[in-house]
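The next block holds one structure in the form of structure tokens; read it before the comments.
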Amino acid sequence: MRPERVRAVLESIRSRRMTIAGALSLLKQMPFEDRGFAKIDHHRHLRRGIPEAIYAAGKTPAQVAELFVRQARAGLAIATRVSPAHVRAVKRRFPRARHFATARMLASSLTAPGALRGTVCVVAAGTSDLPVAEEAAVTASLLGNPVTRVTDVGVAGLHRLMAHRSSLLAARVVIVVAGMEGALPSVVGGIVAAPIVAVPTSVGYGASYGGLAALLAMLNSCAAGIGVVNIDNGFGAGCLAHLINGPR
Amino acid sequence: MRPERVRAVLESIRSRRMTIAGALSLLKQMPFEDRGFAKIDHHRHLRRGIPEAIYAAGKTPAQVAELFVRQARAGLAIATRVSPAHVRAVKRRFPRARHFATARMLASSLTAPGALRGTVCVVAAGTSDLPVAEEAAVTASLLGNPVTRVTDVGVAGLHRLMAHRSSLLAARVVIVVAGMEGALPSVVGGIVAAPIVAVPTSVGYGASYGGLAALLAMLNSCAAGIGVVNIDNGFGAGCLAHLINGPR
Amino acid sequence: MRPERVRAVLESIRSRRMTIAGALSLLKQMPFEDRGFAKIDHHRHLRRGIPEAIYAAGKTPAQVAELFVRQARAGLAIATRVSPAHVRAVKRRFPRARHFATARMLASSLTAPGALRGTVCVVAAGTSDLPVAEEAAVTASLLGNPVTRVTDVGVAGLHRLMAHRSSLLAARVVIVVAGMEGALPSVVGGIVAAPIVAVPTSVGYGASYGGLAALLAMLNSCAAGIGVVNIDNGFGAGCLAHLINGPR
Amino acid sequence: MRPERVRAVLESIRSRRMTIAGALSLLKQMPFEDRGFAKIDHHRHLRRGIPEAIYAAGKTPAQVAELFVRQARAGLAIATRVSPAHVRAVKRRFPRARHFATARMLASSLTAPGALRGTVCVVAAGTSDLPVAEEAAVTASLLGNPVTRVTDVGVAGLHRLMAHRSSLLAARVVIVVAGMEGALPSVVGGIVAAPIVAVPTSVGYGASYGGLAALLAMLNSCAAGIGVVNIDNGFGAGCLAHLINGPR
Amino acid sequence: MRPERVRAVLESIRSRRMTIAGALSLLKQMPFEDRGFAKIDHHRHLRRGIPEAIYAAGKTPAQVAELFVRQARAGLAIATRVSPAHVRAVKRRFPRARHFATARMLASSLTAPGALRGTVCVVAAGTSDLPVAEEAAVTASLLGNPVTRVTDVGVAGLHRLMAHRSSLLAARVVIVVAGMEGALPSVVGGIVAAPIVAVPTSVGYGASYGGLAALLAMLNSCAAGIGVVNIDNGFGAGCLAHLINGPR
Amino acid sequence: MRPERVRAVLESIRSRRMTIAGALSLLKQMPFEDRGFAKIDHHRHLRRGIPEAIYAAGKTPAQVAELFVRQARAGLAIATRVSPAHVRAVKRRFPRARHFATARMLASSLTAPGALRGTVCVVAAGTSDLPVAEEAAVTASLLGNPVTRVTDVGVAGLHRLMAHRSSLLAARVVIVVAGMEGALPSVVGGIVAAPIVAVPTSVGYGASYGGLAALLAMLNSCAAGIGVVNIDNGFGAGCLAHLINGPR
Amino acid sequence: MRPERVRAVLESIRSRRMTIAGALSLLKQMPFEDRGFAKIDHHRHLRRGIPEAIYAAGKTPAQVAELFVRQARAGLAIATRVSPAHVRAVKRRFPRARHFATARMLASSLTAPGALRGTVCVVAAGTSDLPVAEEAAVTASLLGNPVTRVTDVGVAGLHRLMAHRSSLLAARVVIVVAGMEGALPSVVGGIVAAPIVAVPTSVGYGASYGGLAALLAMLNSCAAGIGVVNIDNGFGAGCLAHLINGPR
Amino acid sequence: MRPERVRAVLESIRSRRMTIAGALSLLKQMPFEDRGFAKIDHHRHLRRGIPEAIYAAGKTPAQVAELFVRQARAGLAIATRVSPAHVRAVKRRFPRARHFATARMLASSLTAPGALRGTVCVVAAGTSDLPVAEEAAVTASLLGNPVTRVTDVGVAGLHRLMAHRSSLLAARVVIVVAGMEGALPSVVGGIVAAPIVAVPTSVGYGASYGGLAALLAMLNSCAAGIGVVNIDNGFGAGCLAHLINGPR
């Protein structure tokens, strides 16, 4: 309900420029978004601070650039899965767009980490998982969360993981990104007390079935406190970690 | 590293009853759990406050009762998927065990909700989803979280969901439990700012494939901020919500 | 939006018993269902005339009887997949409930077919498909549609199908129920001009995979004008045929 | 049975130029299509008014152009999934062919909407679903149905959908096109009384499995009155909507 | 087209008791089965000699007995997947019915093998595959084919298979029945020149997925000349072997 | 067992140039193929007359040409799935190789159909199925079988199929090639008495899953007497039909 | 090739009681198993020392007892997946049969571990995996391998695993048994140098899909040196470990 | 636990420069890798002698070259799935790198086979399986194992396999590589006493589902003593064979 519009109607009634029947009819015919929903939605966006990301894969450079500029005007613009051609097209129209190469992302501005929020720790099993891990890390960072990174810590070399124990234990949320057998979230879940966002990746071949093996492993983890997102969905993991981290 | 044991060694060194080489050798031979790992683990349990649940399905009443009594001695015992026979066997050995009929759970005691924690709101799409939803709600409650419930609010009757908007908006975490097409988390994700724990259930028939349809729908949700747990895993959802809710 | 409530507010403004700010705040806090949604829903039920069916499988006889009586009070009660125990429990509390044995259904009353509506023709491939076909036929009939039946007309004996050509050609909607290879809708789609509702059944064994083979075949039909419902979902097919048949 | 051929035989009998045994033998040997089947088929095409569409994907431009010209001579020619090369090849041989760019379709002529038919409303969840939605809308339009469009109305932003409530409620048939979690048909099914044709799209990644997630969700919808077509099958949805809309 | 009916019409024309237009109209309205189709069907049954089998699984003893008696009157009755209760029910009504215990079949009579036909050799990989193998052997035998059996010849003990080389080489058709890895048809295909009917069985556990592993292996056989039937479909294999064996 | 080698040993014994122990040891150490197996194999090839086909897809033009020339020296060479580059490379080294364009095959010579064999009828559902159908037809023809073709006879236009009834009824074996819903073998199985070789094709999109829908439909056919080969395996179907057709 | 038979032939040649042509023909007609294959097979059994196990599931107690007695006469008899009824039936006929309750196995005798062989270490993730783990351990033990056991060491509590490091490091082969997410082999593979036999179990629910999740995880393990056997196949794992352990 | 560090602490206690509480706290905070884990890991690598392979597919030539040079400095560098571009990039920076063309591998040096180890026999079913088979053979060879090769021995031509019986019987480990129906490991398992490493390949089309058919067949093998690795995972098979072969 856009207050100004309703207020105008109410004032017309008060000043008797409008009958009650007429006002009633007017209120009923107002498009739905004028009746409270849009506001909830607006409120939600304000509180969540999560803009809709532009998923660049499958869109032309021109389309992505157009959407990027439009969203940048309204606030923070984020594009994911960008190719070099997408980057060039966006930079031409929005020169100060920031490009995150490994994460394959573009953003209209760099949000400063909020001073009082907890830390998001992003853990990646292997080097091939880095693009998805970076997508998660950059997303969480753009949304205002301090981010730490722990990389190349597969379950078959646990000592590498254990060396980063302090980073893991210090985090308010841990994002774990892994392909192949997807076992890392279970192991991390045995170390940290924080909630874990698990991201299966399509890294692997043969019976990895494009990330299905990792996805199923994560859903069946014997460790409690793990929420799973879609295969390769680094952006979604970053958003979920942001919401878990909470508004302070 | 059990402090008392290490302290004893260190004191022997100080009092010169033991050589440094002897102490070094002793420390090396101590079983692994004496060297820090167990403590982490203990610390983790203390902070998480999540006991290992006894998954009763497939276990005999005697086995469940035995495990229950043992865990109850160490702290909070929780059993899930209990049949009436399990309940009788446990109550015989542990009469003050509390039975949650719809949730199909047993607990050794009822934790009082922590005064300062946020609320966990559990939303169930249909009446057939109630056992899983109650498993989530009872788990979150036993772990000390205030819990509200919103039930029978399928996506094909959104007005029923909207009537509970205030409960949804007040929650720090929302658990959404749904079978069949699993669309409810997406819709709730368009309303609330809180992170969502989505629980697909095996409710449905034919092409629901035992919850696969709901699971895939939840993983592919167009709403950001949703973490998915295994099919019918109400206990896991309750634990994850507890960890998201945070230590205060 | 319940007009009387809004009208009261507007009148209070007019009579200056309420400030505009107060009215605005009041309107915002009105529960959602007071703002038009519930009414839409009511209107929808009135027009569709489709009550929510009680899916009896997995519910206790007592639960089904309770739900049945409650719905029967509000209008037409329909229960599907009823066992003999369900039937006894319902009949004890609602003696005039009508039992359709092959369709495994119970209904609180028998709707007379609407004089001016088109005919729904229900075609079943084999005798094992009859329970699902009858569920569709009884549902369509209870919702007020004249129903004809064509049974045991598998694609490997087309002459049996062709003998019922006139029934097929006379229908406004044709429901085709088939398991195994699910080829019948394609063949019927080559004969009739009416839209076809295809219902795969779980009839078959081995590589029928509980109806998957029939489901995929129907989705891939080379005949245009076929809408598919879930495996064994006779009730859904009856409802869809009813809506296609239209309000006259 | 081609009447003129049979009439000739009958007249030969009457005029005794042919014996009864000879006529009987002749009638038996007539090819099958001369005995009524072809006519049914013809009649079906006349009533349905659905030409066979040329599925251009996988065919060469020359093949598509040849088929297009041949069908255009017999009546309405429709080609789907056309590439720019297909368009050029067809336009060279049939210059007045009409190209629908978003729908990726070519048609030999533009059918004027029939004055007395109901409206087909095509709803698309996201911008990536537009090609399939347009294929459905253009198909329905070419077959003579008035078409309205509601686009970019995902379930996570319901207010956008509700703003188009009047278009939805006015339709005789609603086609709902959605990828990812495929939840939109369920939500629309809670609003409208009209039958719904649900079209899953291959939009998505990871666990969307090329549209499988959306397909399963639609088949399991808790809303009654939904018929599902194959993934990305906009043409089939348009045809089914046309047949549902009925002959007037 | 039933000749006598058409002849009557033709004679009425000749005798001018009927106009040509009237005759034409009459011929058009004759039900389809009067126009040749039924005859084809009859002819097919006569030539194929394959009665429709009664699939007893999921049918009540009374239903099976009723269908059995009806078919026995018309010729050979065959029931497959019969339980002891089915056997008792059929024998009560049709005492001379013959029961094949391992094959889980009932037949109304025992066809004597045709003197001049080739031999069908049925090969079974393991003892658990015997019920399906016997279903195939009994079916082929009942349809008049001389049958030889080679059993318990898994691929991991080829010498057992080779000992039966002469039986294999003498057959006109070889039916190979195997579960688990389903490799036997490939090996037999390297020995015999005859066409092979491969029957995957649901024997196995874990990743055999109810016969899927064997089915896929048989479809992918590197040996040419193998036709596959449905999992556990011994009856179908027997029928196919009969048709391959040919009419002499 | 190569007779000449064994004969030499035996003669050495007779002439006492070799001891019995020495001969025994020599016979034991002879490579396996010298002991009967190779001969069986040779015999099999002679009787079957099926050369191993060169599957060109995934091989370089040079590799295919090399294999082709080598096989052509030994008898009939057949290459399947050839690209234009394969054709050029083979023709350069073997100019009289015959290219079958639609079938995507190359053969070293054209076998004249055997006068006394039955006919193989190849039926294709749609024009997109023609490459696979031609692969089957050309294979059967090269192996010496008279072949007839029936094309473009989908199940949604049965009159087109019925027009070719005489070709179907005259065949000793019928190969049915179909993609999408794969229903055609069931329908043909209701018409002909001959055994049917069913070939699912990968024609289709969405839920056809690359031929899986057609494959499952064919395996679940309600018509008896159908053997299924791998998806798109026209060559295998031609071989099987050849073996069914028999040695005369 | 049974030496005595061939020797007789050779002696007949030498003594000229038989012509060379006659001997040649005789040798050709000898059944295959007389020509070396059976011997290989026998030799294989002797060396492997692996009897064929009786898979009791799905067999009657009488069948199992019969097979058990027959195998026990020939050497070691082993039955797997035995129910209490199987145990009773076997013990009645073979009283000294040894029953391993957790492993659900019966054996005719207890093989003493070979003094000089390496150790097989069997690791089980959870208590529900114990039956399969015991099947592996008992099998390896019966075949003569010293066996150690490490149980209840899930990946989410690594300290429990690390406490058994010395057992793990001392083994020549490690069998790792795990259900749910199947991550344990990867973790063990990061600790030990020995080859690992991984056994997925069907322990789990929902998206574990009867052990599929664990199976895929094990096949995709990032640790090298892991061989996977079928789901729940403890017997196969024990045999493979025995063969890896080697003959000394 | 790095002894020098702990020794320093202990000495400080002895000399009373440090309190016991202080020492305790210091020991607790030491990073994990200082407490034994890293050392185990190092030991493991030394004993296993298996370097981490660089999986080149999906990496740029520059990335592969960089990783290769870095690993070559530390010992043996191995890269798998290399394209010609990868080869050129590595050779430019590391000219003496050895390229194995069929195996698609690069190695920094050629390990001489260990004199006293057993032989690894690599068996490939068809020529298309050679790249994977060579990857296995080259890997085993680089790790110091004598390797023999048996190629082109499909199950439909067993005599070819039997001709290599002596190679098979002489091996300490047999690696069997096969696509399509994946039956070869079962057959080899009936001949040899050695443990078998089975490698399914993605060779095939249609219902081979990229190697799934072969994978399932191998997991379900009726022959005991088979461990399966991931589809196309020749490197993993070589490593497992190396570990089975053992340290001598």
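Order of writing sets the labels: A, B, C, D, E, F, G and H. Residues in every chain begin at 1.
Simple rule for what comes next: a residue touches a chain if its C-beta (ideal position, glycine included) is under 8 Å from a C-beta of that chain, and two chains touch if they have at least 3 such contacts.
All figures in this text were calculated on a predicted structure; none of them were measured in a lab.
Hopping across touching chains, the smallest step count from chain C to chain H is 2.
Most remote chain with respect to chain D, judged by CA-atom centres, is G. Inter-chain spacing, taken between the CA centroids of chain A and chain D, is 39 Å.
As a whole-number value, the distance joining the C-alpha centres of chain A and chain E reads 59 Å.
Each of residues 32, 40-41, 157-158, 165, 190, 206-208, 212, 215, 219-220, 230-231 in chain G touches at least two other chains.
The complete set of chain-chain contacts reads A-B, A-C, A-D, A-G, A-H, B-C, B-D, B-G, B-H, C-D, C-E, C-F, D-E, D-F, E-F, E-G, E-H, F-G, F-H, G-H.
On the side of chain C, the complex with chain A involves touching residues 1, 3, 6-7, 10-11, 13-14, 16, 20, 23-24, 27-28, 32, 35-36. Chain H contributes residues 40-41, 44, 47-48, 50, 165, 172, 190-195, 197, 215, 219-220, 224-231, 235-236, 239-240, 242-244, 246-247 to its touches with chain G in the complex.
Taken together, the chain A residues at the contact with chain G in this complex read 125-126, 154-158, 180-183, 186-187, 189-190, 204, 206-209, 212-214, 216-223.
Taken together, the chain B residues at the contact with chain G in this complex read 31-33, 37-38, 40-41, 55, 57-58, 200, 202, 210-212, 215, 230-233. Across the complex, chain A is touched by residues 128, 157-160, 162-163, 165, 205-208 of chain D.
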